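Working notes, structure below.
Naming follows writing order (A, B, C and D), and every chain is counted from residue 1.
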Amino acid sequence: MKRQILRMGMIGGGPGSFIGAIHRTAAQMDSLVQLVCGTFSSKIEKSQEMGRELSLSPNRIYRDYEEMIRRESELPADERMDFVSIVTPNHVHFAPAAAALRAGFHVVLDKPMTLTLEESRELAKIIDETNMFFCLTHTYTGYPMVKQARQMVLNGDFGKIRKVYVEYPQGWLSTPLEQEGNKQAGWRTDPSKSGKGGAMGDIGTHAFNLAEYASGLKVSHLCADLHTKVPNRVLDDDGAMLLRFENGASGVLMATQIAAGEENNIKVRVYGEKGGLEWQQEDPNTLQVKWLDKPKQIYRTGTPYVSSYASANARTPAGHPEGYLEAFANHYRNFSRSLLARLNGEEPEKEWLDYPGTEDGLRGMAFVELAVENSKQGQKWTEFKV
Amino acid sequence: MKRQILRMGMIGGGPGSFIGAIHRTAAQMDSLVQLVCGTFSSKIEKSQEMGRELSLSPNRIYRDYEEMIRRESELPADERMDFVSIVTPNHVHFAPAAAALRAGFHVVLDKPMTLTLEESRELAKIIDETNMFFCLTHTYTGYPMVKQARQMVLNGDFGKIRKVYVEYPQGWLSTPLEQEGNKQAGWRTDPSKSGKGGAMGDIGTHAFNLAEYASGLKVSHLCADLHTKVPNRVLDDDGAMLLRFENGASGVLMATQIAAGEENNIKVRVYGEKGGLEWQQEDPNTLQVKWLDKPKQIYRTGTPYVSSYASANARTPAGHPEGYLEAFANHYRNFSRSLLARLNGEEPEKEWLDYPGTEDGLRGMAFVELAVENSKQGQKWTEFKV
Amino acid sequence: MKRQILRMGMIGGGPGSFIGAIHRTAAQMDSLVQLVCGTFSSKIEKSQEMGRELSLSPNRIYRDYEEMIRRESELPADERMDFVSIVTPNHVHFAPAAAALRAGFHVVLDKPMTLTLEESRELAKIIDETNMFFCLTHTYTGYPMVKQARQMVLNGDFGKIRKVYVEYPQGWLSTPLEQEGNKQAGWRTDPSKSGKGGAMGDIGTHAFNLAEYASGLKVSHLCADLHTKVPNRVLDDDGAMLLRFENGASGVLMATQIAAGEENNIKVRVYGEKGGLEWQQEDPNTLQVKWLDKPKQIYRTGTPYVSSYASANARTPAGHPEGYLEAFANHYRNFSRSLLARLNGEEPEKEWLDYPGTEDGLRGMAFVELAVENSKQGQKWTEFKV
Amino acid sequence: MKRQILRMGMIGGGPGSFIGAIHRTAAQMDSLVQLVCGTFSSKIEKSQEMGRELSLSPNRIYRDYEEMIRRESELPADERMDFVSIVTPNHVHFAPAAAALRAGFHVVLDKPMTLTLEESRELAKIIDETNMFFCLTHTYTGYPMVKQARQMVLNGDFGKIRKVYVEYPQGWLSTPLEQEGNKQAGWRTDPSKSGKGGAMGDIGTHAFNLAEYASGLKVSHLCADLHTKVPNRVLDDDGAMLLRFENGASGVLMATQIAAGEENNIKVRVYGEKGGLEWQQEDPNTLQVKWLDKPKQIYRTGTPYVSSYASANARTPAGHPEGYLEAFANHYRNFSRSLLARLNGEEPEKEWLDYPGTEDGLRGMAFVELAVENSKQGQKWTEFKV
């Protein structure tokens, strides 16, 4: 009997968690995934509370991830979870992911991959050895128009790419929220939970990933200037860097969390010899396509003229705005469809395989560590190596 | 034991249905609703196919709505569906809705309410007599920034309202798609399935509803000019009308499906003595607030400064775009929370009760019939009566 | 010796006049016109003050237009003014224009043409009989992207035109400024100076003219609803109307001066069978071109791909915004170039002849009178006749 | 007798010159300046042709700037030019400017100041010694909304400034136009005429100037990466740099002429502790003002609520777009009003004195030379010194 739906367990995402709720909604949006179990908090009462709220079976709410993995492994194959979704702060990424993979569970992991690059290299090895599926939720590459951008670049529509700009301004950390008990701000500004990067880890990695994805290029060198603008904060909350790409293109990355008044305004621009493109999350269903000698074009989600990748990642006809949750859900849908294909012994569509994974994770962690390191030094360029 | 989740049955929404998929996703987005049964198509095989795709129990896929209502009624109270979602073409609205209500099932119904105003009046009576919950999915009033608009108007921020503009241009019916086998176009242009209105019934009702909701006003008179631009089409595919409101405000409503190149660009503007507002679905998380003597303000979904109604209808922080599915889901969420409160003997929050219902449905049907009637006559004004 | 520059006299436009200053700047922007004389105010001292400010010769500042026309006529041909620019309120349009034409001076006249349609018919006759050049400054058709719009429509790019929307919302008359000594508001709301129309005469005529110009169509019928929203005001300050065009297209015109918070936001949209266009003065160098089945295109002022009419009406390369003064100046430039060609016995370029004149004036006056009349009656449609 | 108008001579700006025509129109827009003489080209025939086109007296068309300065000096004081406008390529800036100043003529000079920083230092000394007026036409700081930005920053509305982004993408040099005979491209890419910087000299200086003007800050260090993307080009056509400001703020400057499809899209963003602002030339009459905890505000040219600096640099009421020519004209108007005040022995308004001059010129030249130098080196930071 053909599998139509996957069973998901969740680690993290207890009461008040922003990203946990996002993952649950995104995962289940397309009726390809059902949440069946979880360990949502280090406090079992909170986990149980969340389980009740989600109408989960009480006996599948677990004390911690070890218990969850052990007990789920003991369930019959047609009942136990197929994969785990890990939505904890960065310092609790590696251990549960490694344990799940080794126990035969596929993994969806919130970004960045781990606390350190070293951990990521280790996790990559485990993914490789266990041959399990792994998805890292770099949301922004899930938008249909970002996929359209990449396809047009890869198709050579703009000629050789010369220029990449990516920016991610936020303003919410303009004041010392972490000193006022804000939990979201707390772990993000704490190196023991967040890792070496502050803004760079939290949002710089998204910008970096989007730049490489949309341009189809790899960064070869960077030159960074990171800052901590808010007094008594330890990690960077602001930064920018000059980029060079393997093909010779030049670029700029800007990521800040102290641009007071900005919401979550990630944007990427790519220019080649014949034209360029611009995509901005504030208007996510629009892709501006600019030409050297022709009128600018406005590509839109849900239209008949977009690439198969853009079409496969939309749910509604043109003019029915799709947003952040849908972009997030696209990664889950592609991951789920790919995994269902494997479980059903079928060949996945090529569009389903286009979700972020190990390499995105590794490069993202290298990005953080190299940027932090380069920013401290007097020498201009650091070579990008994973 | 407190109810956390509602059980939903669906009538209509078989393979290829646009609006059926929207309803399912929207209903289940917030883990307050679980689809448990359905009669998705007049062909039982198609219903069963849809049931398998949705991982529903095969014995809860029904041959028709009569069977569904009868068989579900026989299930134990803690198993049978709580409400039905009806997503069929307009001519199959009244009968299943009436039957469901009379059998004790609450109803969510796609707009417009019924095929004729007469049916709507009858249905309204049944809703009233049975004291069941009824939600009519006028999507656009589910957007957080539309709710913000209404609250600012009701709060008197703009003084007395003088002016309302609403427009809903689409272009997809610019060619005779219905003569080329397009199913969506087919029933919408067929009076036996759609009713007296073409564009007026399909999208004019949305525009009308949005205008009354955002302005907090009721239309008192209209003067319409409807057209059928595409040869061999029977119903209107284009129209506009002058409006007068009970408080003396003047207005314009424009709705067309032959504005070639337009997607689904519904927009409303309301002006009072001191300022006005503008909301457009293409940029749904933005509300422009204009002042006679101060800088324009940009209100945004997910920010801390919006009204409780706007906040209660958002899911993500500012800068994470929410779209059409989320707006749709807001009606389901508010309906579900209100219904759960009733089932649990609790008092609902006032924000939950703000979803479209009987009066919206009745006025929408009156709008269609009066507009069609007025358009044919030589006299300018028709009084708006339900 | 070839004439390179024209000599202009001005009637009206004294200290504090908005439109007088606009005309002077626009006329002289391209070094094709030099202001040489004027009667700027009914008070000679104010005229002289303005003359000094403008460094005009004191003996060419005149007491009134009769004196100006008489005295300028007596000057040698290579010294006297070539044309007059008339920028007085509407009730002082006909007499000076008629006198100037009859004395052999060409005329540039601010819109609307005259106080009454009857006067306009008379003036049209004089223009015809004297064979003088006449330009009516309907500013908005001077924008390069409006010219591009018209050329694309005339070229058949969109197929047969089905739909025209035009709107002109302003908010500055939301309060009774005319009762507080505001001079601009004063004459515009006074029927003895403004004519039968308030908002319709002031801005409705612009909207009407833009709609006919951009669509290449003529209105055949209208159905209007005009209002006076501000207490104690006599003329309309708000209105809208349904339109029908000679070719069967339908349309809507909205013009209001009580949309509190709006600046001067004139906008036109035209749709044909294959696509449509949208132009808005707030972003005047952009023309949105929409297609039924292709990405929307953004045409821009100053680019190499626009029509000869758009190119001939721009001054700077793409990306150097041109605004209201430049649009205004385009009418003067085209009028001047055409007139210089005549004076030099040369053939004008066809692009130079594209400035508003007699027919625009007549139709604008008919528009005002028919709209006011229709608004009062119970019958729906009024045929449009000049 | 009070001077009302200034007499201007022009050096450069012959047939086909883009910037010459801009200067002439801008200078004369407000009837404060009259062009009376010129040496428009190194070929006297071309100068004379331009003189005829501009209706200048043939005996005030000069062979070269030396002749112009000598002959104008011999004219009576009430006839000779008051100032010269120099619009030649960069390598012909210093000599005519120095000669004019020494002969007692004030100077308006197109940017950048000179061919080299050394020349600029020398010219600054001459300006200082001769006590003449000097204006350097950095167009973009002439926009009303840029002035509004600076005033809000200086007023402390945003608290301490932390962040400055400035960008200036163009695409017109994406192909080797200079190798195809394009004159504009020719001198800009020729170091003997343009100086050490290509894109940095041409547009980077504008971006730098705008960043310092809008933020009220001075750059203290820069770290640059310049590129020459088009084969066989000598100077940079693309670049970006990290900036640090004297007050500790961080920043990024991006300027490129190979962003294919971009027009002339200069934009600046400044963020302080409490909010920030954004201005973009594509929408020049809008200033976005963003707040940490309040709705974004849209400030607009011509409104009653803007600062005296913004009001003094506008010509039309809100909603009548002002563009590039008007911004350019603002510098001329402020320069002219200041100079007229001096000639008339009056005190200038403080708003008139706000036009770019010596310090802008010096810092702009230092910017180019330091950026070019830093880009070649392996060390990260270069201190900004004039």
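Basically, contacts are C-beta pairs under 8 Å (C-beta built on N, C-alpha and C of every residue); 3 or more make two chains touch, one makes a residue touch a chain.
No experiment lies behind these values; they were computed from the predicted model shown.
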Contact-richer chain pair [B-C vs B-D]: B-C
Chain at maximum distance from subunit B, centres defined as averaged CA atoms: D
Distance between the centres, which are taken as Cα means, of subunit D and subunit B, whole angstrom: 55
Between subunit D and subunit C, distance of the C-alpha-averaged centres to the nearest whole Å: 34
Cα-centroid distance, subunit B relative to subunit C, in whole angstrom: 43
For subunit A, residues that touch 2 or more chains besides their own: 262, 289, 296, 300, 303
Sites on subunit D touched by subunit A in the complex: 158, 162-163, 165, 167, 169, 171, 174-175, 223, 225, 227, 229, 238, 240-242, 244, 250, 252, 254, 256, 258-262, 269, 271-276, 289-292, 296, 377-381
Interface residues, subunit B side, partner subunit D - complex: 289, 293-300, 303-305
For the subunit A and subunit B complex, residues of the former touching the latter: 4-5, 18, 21-22, 24-25, 28-31, 34, 52-55, 170, 172, 262-265, 281-284, 300, 302-303, 315-326
